[in-house]
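You will see chain A twice below: alongside chain B first, and alongside chain C after that.
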Partner chain A sequence: MPIKVNAPGLVTTIQDLGRPGYYHLGIPISGAMDRFALRCANMLVGNDEGAAALEAVFMGPELEFTEDAVVAVTGAELTPKVDGEAQETWTSFPVKAGQVLSFDYLKSGARAYIAVAGGIDTPMALGSRSTYVIGALGGVDGRPIQPGDMLPVGQGNGQSGLSVPANLRRGPGSTAELRVIPGLYWHRLVEESQRSFFDDTWKVAPECDRMGYRFRDGTALKFVERTPPFGAGSDPSNITDACYPYGSIQVPGGTEPIILHRDAVSGGGYFMLGTVISADMDLIGQMQPHTPTRFVSVDMDAALTARHDRASQLDAVRSALAA
Partner chain B sequence: MEPRYEFGGDEHIFVEVSEDMSLEAFFISLSVANAVRESKIKGVTEICPANASFQIKFDPDQIKPNDLLAELKSLESAAEKAEPVLKTRIVEIPVYYQDPWTHETLMRFRERHQDPNGTDIDYAARINGFSSVDEFIQAHSGAPWFVSMVGFVAGLPFMYQMVDRPRQIEVPKYLRPRTDTPKLTVGYGGSFACIYSVRGAGGYQMFGITPMPIYDPKQEISYLRDFMVFFNPGDIVKFKPIGRDEYDADVEAVEANRFEPLIKEVTFSLDEFNTDVDAYNAKILETLHAN
Partner chain C sequence: MANQEIRSPLPGTFYRRPAPDQPPYKEVGDSLAKGDTIGLVEVMKSFHEVKSEVEGKVVKFLVENEDPVQAGQPLAEVEG
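Take a look at the complex of A and B:
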């Protein structure tokens, strides 16, 4: 039975774990920016970890339920309210037919995941329900939810009262640290800029969304002099248009680094100085504008260890909720 | 060419075949990317050929980054030895050059352009040494193009013209990107043509518009029913200049869902092409127009 959207929040989209396999045609993976939070929300309501849920950024939607449901909200600290009564985040709770789920103001983080037992059951597009707005793909007609939308929900069997232990929840600290493997076109930078990039404290710019996060307030980067390669363009930050890794950091004109995220543009003509490690991608999804950010240089071994640690944390949540 | 291998974090390997764009570099990139696809290496999740490079996305829980690197290097040396031949297709794309919609847009963003007093196509013709816009359009639509990369956004083709380097058209991108570009704009930046698959921001110069949709997420258009993206890297494109009447007729045909793009199978040989570029292009275009 569907959920009626009374108010959509700022930008609320349907997301699951995304649609790999089409990046070579410019269709990005999409899916939850904070995958850990999505998996936890789904586990709390008894869904498959990759079921589709709502991703609300900065502000929650108002949803009217037409049937009894079990719901969980994870990720950002955005307190859910059922008919005005506050509920715990990272904890499953019941919503009765006719009740309204709304949200308090944002306390920390940036993106909340709202999972409903049974999962949001909009049609699949290329193997995923994730919304990719630029390509008008997935979700509800390829766009964020709107007032009056009726969101179909699958058959669920969730229990209320389950909770992710506080020590296993995850969010960014007051200063975010993002670990980066330098590479790709790192050699384009002069040594002084290779140092300042990691020494400076940057700040998340207002231009931060599912495509990418922009940073400012660091020292402008300087490039090694060269004759522009044919096809690259005359700006020292240009390259012959190439594919961009998820998490890669491009710095057009050397001024403002941009980290590409789940709705990445798949390629273009700007040099990249390195790539954020997979273990830290979820954190970016929880960063608000103006968050002070440091980039930390790591090698592949450190990246794989961090990846392993993240996987262990998820396993710990699985065990805690299965007990 | 000595390819450069780089890790993009713990989930990507980026291989730059050459810093410079060339048909040779594109050919190697595409061949190795295709070889990786065929070899079905465990843990590889995305294979993205680009203009003069390619990128592999992988799951490091399934294959160690250094093991994958070694596999790629061996595939690359095999692909370099293979004969540069590609079985592909040639497609005719109608283009209404100097159309009213891109004209309105380029006027709206004039202060972001190198030449605020002209139009994008005037500027491109001039800086590339053409005596008139007509002569420029003749060059742009005369020789065919390789789709050297599909991406940026869903289904957008980057195209590189199949002519020798002195005849390559080169234009800078806008000084500051536009916040709007009409859907199906035929654009140009650096040494690449593109077709904007969706409406949105863009920095490429705008020369015209095609009536032929190339991306349809609803999969309702007849030739996009099987798959929503029209282009693949390696496709060959020939632009056909059309006027307002033909444009309107094509749009009507698209809306009635009876537009059928002109497409023919072709086998491209880089060596034969390099022997005599113009004669080889003429042969390919004969194939396109043969009954």
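Take a look at the complex of A and C:
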């Protein structure tokens, strides 16, 4: 039975694991910015890991339940309150019909995942319920939730009191470290800039969002001189248009790196200096503006090991919650 | 009555003016009604008004214009 939206928070969207398969057509993969947290939230309330939940950024919504439910909040430390009474994060709890779920101020992280037993049951669009706001696709009419929305919920079978063990939760440190494989158009940078990119401490810019995370306060990058190839234009950070991988880092004008994330465009004319490894993409979704950030150079072996470690961590959560 | 604080609902950058060429929303000493805007927080390419949930007089601002702020961080002190 539906959940009534009293207040939407800042930008709260319905997200699942996304809609892969259309990126080559210009439709991004979308889905939760922190997919580990989404999977955990769903497991806590007895859903399939890929069920749709709410992704609230920086600020929680206020939701009124019309039927008894089991809820879990993971990801950012955004304390949920049921009729004003604080509940644990990363732990399933009951909400009764007529009760209101609201949230305290954000303590750490950036995005909280609010899963309800049964999952949010809005219509699928291209195989996913994820909201892609720029393309008005998925979610509630392709937009963030608004006051007065009635969110449909599927048939649930959740149990309250389940908890993800503290050592298996993941959040960013006070200085975030993102591992990067240099490549793609790395050769466009002069050696000095290849060093400074990894030596500098950057800071998350306030312009960070689901399309891309922008960083500032590092040394401007310098480019190897060249005769611009056809179609690239005279700016040295431009290239002849190419595909943009998820996680790739572009630096328009050489000044502010942007990591493309779940709602990114799939191609364009900015050079990319490398790609954030898949194991660290979830972490980006939990970074607040002004977070000091270091980029760490790794090779493919290290990236694959990290990916394997992440998969093991998820398996450990599955075992802990199945026990 | 003890002074009350207005907190930022969001992390981001705090601004005291609606636009660079306009005067601040509130100065120290101004009276404040519930729902009055005291500033803006910029995050994710948009600006969000910070509204007062209390009424009284602005005693002081606890952060500077263009300072980075955390969610829940006190921005201004109000004498009730």
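Throughout what follows, the second predicted complex is superposed on the first by the 323 of 323 C-alpha atoms of A that agree within 3 Å, B and C clash if a C-alpha of one lies under 4 Å from a C-alpha of the other, contacts with A are read in each partner's own complex, and residues count from 1 in each chain.
As a convention for this text, contacts are C-beta pairs under 8 Å (C-beta built on N, C-alpha and C of every residue); 3 or more make two chains touch, one makes a residue touch a chain.
None of the values given here were measured: they were computed from a predicted structure.
Participant: Regarding the shared-chain residue A:Leu25, is it in contact with chain B (first), chain C (second), both, or neither?
Facilitator: A:Leu25 contacts chain B only, not chain C.
Participant: Examine A:Met59 and indicate which partner it touches, taking first as chain B and second as chain C; both and neither are also allowed.
Facilitator: After superposition on chain A, A:Met59 lies in contact with chain C alone.
Participant: Please indicate which partner A:Tyr105 is in contact with in the superposed arrangement: first for chain B, second for chain C, both, or neither.
Facilitator: It touches chain C, and chain B stays clear.
Participant: Once the shared chain is lined up, is A:Pro289 touching chain B (first), chain C (second), both, or neither of them?
Facilitator: In the superposition, A:Pro289 contacts chain C only.
Participant: Compare chain B and chain C by how many residues of chain A each one touches, and report the one with more.
Facilitator: B
Participant: In the overlay, answer first, second, both or neither for which of chain B and chain C A:Tyr132 touches.
Facilitator: first
Participant: Looking at A:Val11, would you say it contacts chain B, chain C, both, or neither? Reply first, second, both or neither.
Facilitator: second
Participant: Pick one for A:Pro206: touches chain B only (first), chain C only (second), both, or neither.
Facilitator: The answer is second: A:Pro206 touches chain C but not chain B.
Participant: If we count contacts the way the header does, which residues on chain B are in touch with chain A in the complex?
Facilitator: Counting only chain B, the residues touching chain A are 6-12, 14, 16, 18-22, 33, 45-55, 57, 60-61, 65, 149-156, 158, 160, 165, 168, 172-173, 189-192, 197-198, 200, 215, 217, 228-229, 231-233.
Participant: Inside the complex, what are the residues of chain A that reach chain B?
Facilitator: 20-27, 125-126, 132, 134-137, 142, 181, 183-184, 229-234, 238-243, 245-248, 265-269, 272, 274-279, 300, 303-304, 307, 311
Participant: For chain C, which residues count as touching chain A in their complex?
Facilitator: 7, 9-13, 42-45, 48, 68, 70-72
Participant: Would you pull the chain A residues touching chain C in the complex into a rising list?
Facilitator: Checking each residue of chain A against chain C gives 10-11, 57-59, 104-107, 110, 206-209, 288-290.
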